[in-house]
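Chain naming follows the written order as A, B, C and D, and within any one chain the residues start at number 1.
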Amino acid sequence: MTEIIIKNGHVFDSVSGLKGEVADVCIKDGKIVESVGNGATVIDAAGKTVMAGAVDVHTHVAGPKVNLGRWYRPEDKFRLGERCSAKMGPNTHIEGGFSIPTVFKTGYEYARMGFAFLMEAAMPPLYARHVHEEIRDTPIQDEAALPVFGNNWFMFEYLKNGELDNAAAYVAWVLRQTKGYGIKCVNPGGSEAWGWGLNCMTVNDPVPYFEITPKEIIDGLIATNEHLKLPHSVHLHSNNLGNPGNYTTTLDSLKIAEGHKANNAFGRDTVLHHTHLQFHSYGGTTWADFESKAKEVMDYVNKQENITIDTGNVTLDETTTMTADGPFEYHLSALNHLKWANVDVELETAAGVVPYIYGKNVKVCEMQWAIGLEIALYAKDMMRTMITTDHPNAGPFTRYPRVYAWLMDKEYRDAELNGFKWSSKVIDATTLAEIDREISLYELSQMTRAAPAKVLGLGSTFGGLAPGMNANVAVYDINPDNMPKGIELENALSKAAYFFKDGVKCVENGVVLEANPVVKETYWVDAKVPENKQVLHDVSEKFLKYYSINLENYDVAHHYVPHPHVIEIEEA
Amino acid sequence: MDTVTITLKKVPGLYLECESVTPDKFAGKNAEEIAALPCAEGKRNYVLGDWFEIAGAAGATAADTKIVVNGAGTDKCKYIGAWMTAGEVVVNGTADMFTGAWMEGGKLTVKGDVRSFSALQMKGGEFIIEGRAWNYLAAAYRGDWRGMQGGTIRVKGDVGSDLGTFMNGGTIIVEGNADIHVGTHAEGGTIIIKGKAHRRVGGQMVKGEIYVFGGCDVMMPGFKKIEEREIEVDGEKHVFNVFIGDLGERHPKSKGEVVYGHLYTLKE
Amino acid sequence: MTAGTPSPLVNLFEKEDFEDWSKPHLVGATTEYSSLLTLQAKKEGGERKYGNGIIVSVVTCTEIKQGVAIETGKTSQGYFDACSVIELDDEDFKTLGINKNTNVRVTSAAGTVVLKAIGARQGLYPGLAHIPMGPWANIVVPSYTYSTGEPCFCGFDCLIEPAPEAKIESAVKLMHEKCGLEYVGDPHYD
Amino acid sequence: MTKCIKNVICTFCGTLCDDLEVDVSDDGKRIEQVRNACAIGAEKYLHVGNPGRVVVPRMRQADGTYKDVSYDEAIDFTAKTLLKAKKPLMYGWSSTNCEAIAEGNVLAEKIGGVVDNCATVCHGSSLLAIQDTGVPSCTLGEVKNRADRIIFWGCNPAHAHPRHMSRYSIFPRGFFSAKGQKGRKIICVDCRETDTAKVADHFVRIKQSYDYEVFDALRTLLRGEEIPDEVGGVPREKLQELIDICKGGRFVTLFFGMGLTHTLGRNHNIDAGINFIRDLNDYTKATLIAMRGHYNVTGAGQVLGWQYGYPFACDLSRLTTARHNPGETTSVDLLVRHEVDACMVIASDLAAHFPFEATRRMAHIPTITLDPHICMSTELSDLHIPVAIVGVEVGGCCYRMDNVPIDTRKVIDAPEGVLTDEEVFQRINKRVDEILAEAGCKDAAEYLEYLEKQEA
């Protein structure tokens, strides 16, 4: 492997404490090293910004509902006559799709923006093999997937009876079967109630027949997660997403984390990650008196040390919403009368897909846009706040640079705010106009590199440029001394001047050089637990009677994960 | 209006994709530049000059450019006049699929037949077909809920199936007959069929008007006759049976009352 | 471009432009094959009688014997027996004036083939016939897809004429002859 | 002595039963016995080595006979034929595993072909309807555990998916459906009184090609409006009874098949069915599942979906963009309109299941068929490349009718020297790269110009 040195760049890296000082980054054999010999190839990054490869903590890029979205939206690849399916470089595959890109476009677009790791946010365990096939075909990006546990019949039983050991043994078994990474909880109890067309709107609504409340589910999952000492905390999508007045349910859900303490050997000190908080910070009672409660929610988040959040910014595009929150998608399609797709999964979860147009002249969408920005701007601890668009729910990930530009340039966002049809109403119902804060490049590097890596338990290899970490380096054509503004900043962030993945140059001036330039890895967690006869008996019995496939055909064989990176955790 | 006449030298073995044959692409170009415009047969890339004799030069803008397409193999040329916004195109003969698709303006006349998926998601302009039109005329692209938005289409001959699916606006006048599925999922716009429509007219229709002078062989159960009224349609005054529907579909309310699609068939 | 073979039923239809099968054949405003022949027969006065045959609407569906025979082998006797049959309703047998298990000539707007007429195994009604999916059935299935990609496998009209002495050809031979290719016998099963 | 392999996945129909047991001879070459399979599955496993099995590629000669050729020659012929064609069609894909399909799709992008799978003559209409109105669906396990109203509309599982009724839809005793068939009301709607109808509680005979009108009548009744006395041969009272049965249930599931996709109106029939089920969700939980025919036609659509974005009929011939337009880029239309000038049939039998007008065209253009056995397509194509049978001689991922991925198992060894689909595609891919490199062209379009220069 060659040695590379990136000279004279302005390095922003909270792990090594650099805030834009000019420094060199040395790479050898895919790792960051202290120094390299003079035979190393030199990359001149003078007047450019250098950061580690970014980490996306929450995105829907692989799996059954993503592919159902690709199937049923051919117009997304052919948006009103303008082709969204093109071959961008001589050696790369055809890239298709705007809101739901194909796996090739996903890998290449993320690389052009300087991303190195993607966390697939929801994997139904029954469909794990499909998720891993798509991960295998996504070029360049290292990936992992979070199996969903919030509506799992086994978890209902064990958490209802308080059998923490059984719950931990079952979770460890599922992670091993599905090559999963951590615990994802979507609309706890609600998606199981959706099996009968019902829902759980607050943390105290019991699930039909199983008689367990979302509060007990979330609390049990956090306990199980810390008992197993998993690298990532519980990843929560709380109940009542997207409805006016749901901020009370959000605060109730966040308060459940108060009693818990992080217990792991990966440097993570938080116990609950609440995802796409924008969809959960709504006030008012109907769409008419709909208002922002971002301030109230963020006041609590800033106070509470053991939770992390990601924003879920709306990017005002025609996109496709897809989530394991089955009931929400049904209500959304009753709102906009567009095509509704739904898949309920036996014993495990549900899923829904509905196209949605965040119109620039629709009051509610404009306010959702403002709420998303408020959440990031009110955050105090940048190491506990991450930027996402819950791709593709609030908008496609290809709009990240535009969200960063809105956060880093008040003028750019005010121009958008004042350009709205209902701008006066939006200004009244939110507080965005009064916020002057502009995120700095250093804070951006925290929110998109160090913070997600830390909360995922990957702080030792991703999100920083300290020696020993993976050599994922992104170089942007941004001179911190005269910062580009608005659209120039956005364009500079969307096309990296250079992007190195594991020491291999994958992108130069926004062009991906090869179809599969570097070997990508799939991360999964193998948590050792003591032998548990009870769980094995329950599992084999339920598969025999209630699953539609045999137990022996459930696990994901090794050839579906050709380049695994297994994180072993010794017994408790 | 400057006229460019292009004549096919030989009949294509497969099908020629002529996205470049529109006033917008020809505007401001002389014959050589037009001859250099791309076209393709399968994966083999050509230039227009390989297939067409090009005479005359285009006008400065699309609006004052007229294109005349001649030759025996025009029925193997796709995408003629697709995405055109202004100017005029005349095809002397049959044109293949996607003729005038995503058309936004200008005038497109086809002397012969027009094959499937013509005038797809048309936004405006005028489209005259003197022969027959095949299926999915002025329909929406697969999966898109936004069909034809505006403009007028006049078909002298018969029309195939799936006329104007997901139609939002504009007018389609068919002098001949129509096959199954007329105005399915329509949410606006007007369809006038002077001949007969076979079956499934106005299926899952939310809003819009469909006139079928010759009536339908089988009426949709979701349509209910409410009255008989004399209406002036395309210059002719007739008494029509008025049906509202599709009662099986969801109907929005505007200003308090429910909006229905309307189906009119000649009284006698 | 070799023109398609003209339809054997040309004289039955009003429109004569059948030379190219990729065009829609608008007859009385419809290409719907279930009413083409019935329309014609009604004009002749007979409800569904036409000449010495009758007009039925045909559906081609899967069948357990045909499924099993696919796995036995497409050039096997089992496949021949399973797929070269047409199920008719008892009343249609009466109007045709033949008894079961006699060969009939089945002619549609797309082609003509000889099949063995057998009693209905699964409840048909007079005027509905069923040919198990396979090469014999697909000789008569019209290829017009209404621009959706799916041809008319279910619901196309056929004229059924008794042809007791006609011989049912093996599928490979039938196809080679109709495609004008050199036929050198069925592999393995001849 | 024989050794018994358990939990084998049967690779014939979309039900993808995964509880088969196969007794294999000690040397792992022959299958002795198979248990738990239906008639079709059993026939498949017991007749793996039947006389039609081919083990060496065979090239058609001018006089109609076939001559054995080596794999290298066959792969070279395939690569050259696909590169020489201006618009090749690559049809089939539905009886092979997803690994081979992924490799084959990449080859199609390289040579600029049209990729289409068996959905185009099977559930293509359902996919078009899903593109227009979405699909409220669930996995087969949800039906087993919760459904108490089952409607079979235009499908005949007794013949096409023999074990479907006992594994998922009518007889199983699930978590909330402990009474099994007793706790369920089965409705069968069809123009024929099929053997499935004989198992159903209610049989609604519908006049052939009137499904769209009957669905519209059901939706009109559901909204409380009036409909004529008789629609599509079904009296109004019967339709009202059907609605009351559905509204009375806790979990309704509609299974539909070729009766809707092949009949007049095609995608609109399923579009109306989906809307009916979607309206029913205002009253009770309702879902629908398409009875996919082949064991991996869903997988073929899934792989094409995540690689190029479309479920079937994907036209990659422009080399710079992937297009999808059923009606233009679907196999039957392409063949009947003489729009393709070469054809590759993969893991499917085009000649037996396409209308003859399309088969005729396939016979007149260079055609390559990948199939373990002799079939109609192999007898009309120029080259027949034998491959290993998935689910018997090679494993790999397949997708069930409800999109659940299942990893099939290898039971016995493939005959000596026979490659798997995946290996054949890998070698063709490599050969195409070599040919392009020799000619010094960066893509297939340039290669065509290079060939024309050669001839000139």
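Following the convention adopted for this analysis, contacts are C-beta pairs under 8 Å (C-beta built on N, C-alpha and C of every residue); 3 or more make two chains touch, one makes a residue touch a chain.
Please read these numbers as outputs of a predicted model, since none were measured by experiment.
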Task: Identifier of the chain whose CA centre is least distant from the whole-structure CA centre - done: D
- [ ] Would you mind telling me which chain pair, B-D or B-C, is linked by more contacting C-beta pairs?
- [x] B-D
TODO: Starting from the mean Cα coordinates of subunit B and subunit D, work out the distance between those two points in Å.
DONE: 34
Task: Whole-Å gap between the CA centroids of subunit A and subunit D - done: 34
- [ ] Take the average of all CA coordinates in subunit A, do the same for subunit B, and state the distance between these two points in whole angstrom.
- [x] 44
Open item on the list: Counting only residues that touch at least two other chains, what does the list for subunit A look like?
Closed with: 72-74, 76, 78, 338-339
- [ ] For subunit B, write out the residues touching at least two other chains, lowest number first.
- [x] 116-117, 135-136, 141-143, 145, 180, 199
Task: Sites on subunit D at which at least two other chains make contact - done: 128, 131-132, 264, 319, 324, 326-328, 337-338
TODO: Flag every residue of subunit D that touches subunit B in the complex, lowest number first.
DONE: 85-87, 111-112, 128, 131-132, 212-213, 216-220, 222-223, 225-228, 231, 264-265, 268, 271-272, 275, 317-319, 324-328, 337-341, 444-445, 448-449
Task: Footprint of subunit C on subunit B - complex, ascending - done: 116-117, 132, 134-136, 158, 160-162, 176-180, 195-199, 214, 217
- [ ] Under the touch definition given earlier, write down the residues of subunit C that touch subunit D in their complex.
- [x] 1-2, 4, 21-22, 32, 34, 57, 59-64, 67-68, 70-76, 110-111, 122-125, 128, 130, 133-135, 138-139, 141-143, 145-155, 171-172, 175-176, 178-179, 181-184, 187-189
- [ ] Spell out the residues on subunit B that touch subunit A in their complex, using ranges where they run on.
- [x] 83, 101-102, 121, 141-146, 250
Open item on the list: Applying the document's contact rule, which stretches of subunit B touch subunit D when the two form their complex?
Closed with: 13-15, 17, 40-45, 97-98, 116-117, 135-136, 141-143, 145, 166, 180-181, 184-185, 199-200, 203-204, 218, 220-222, 224, 246-249
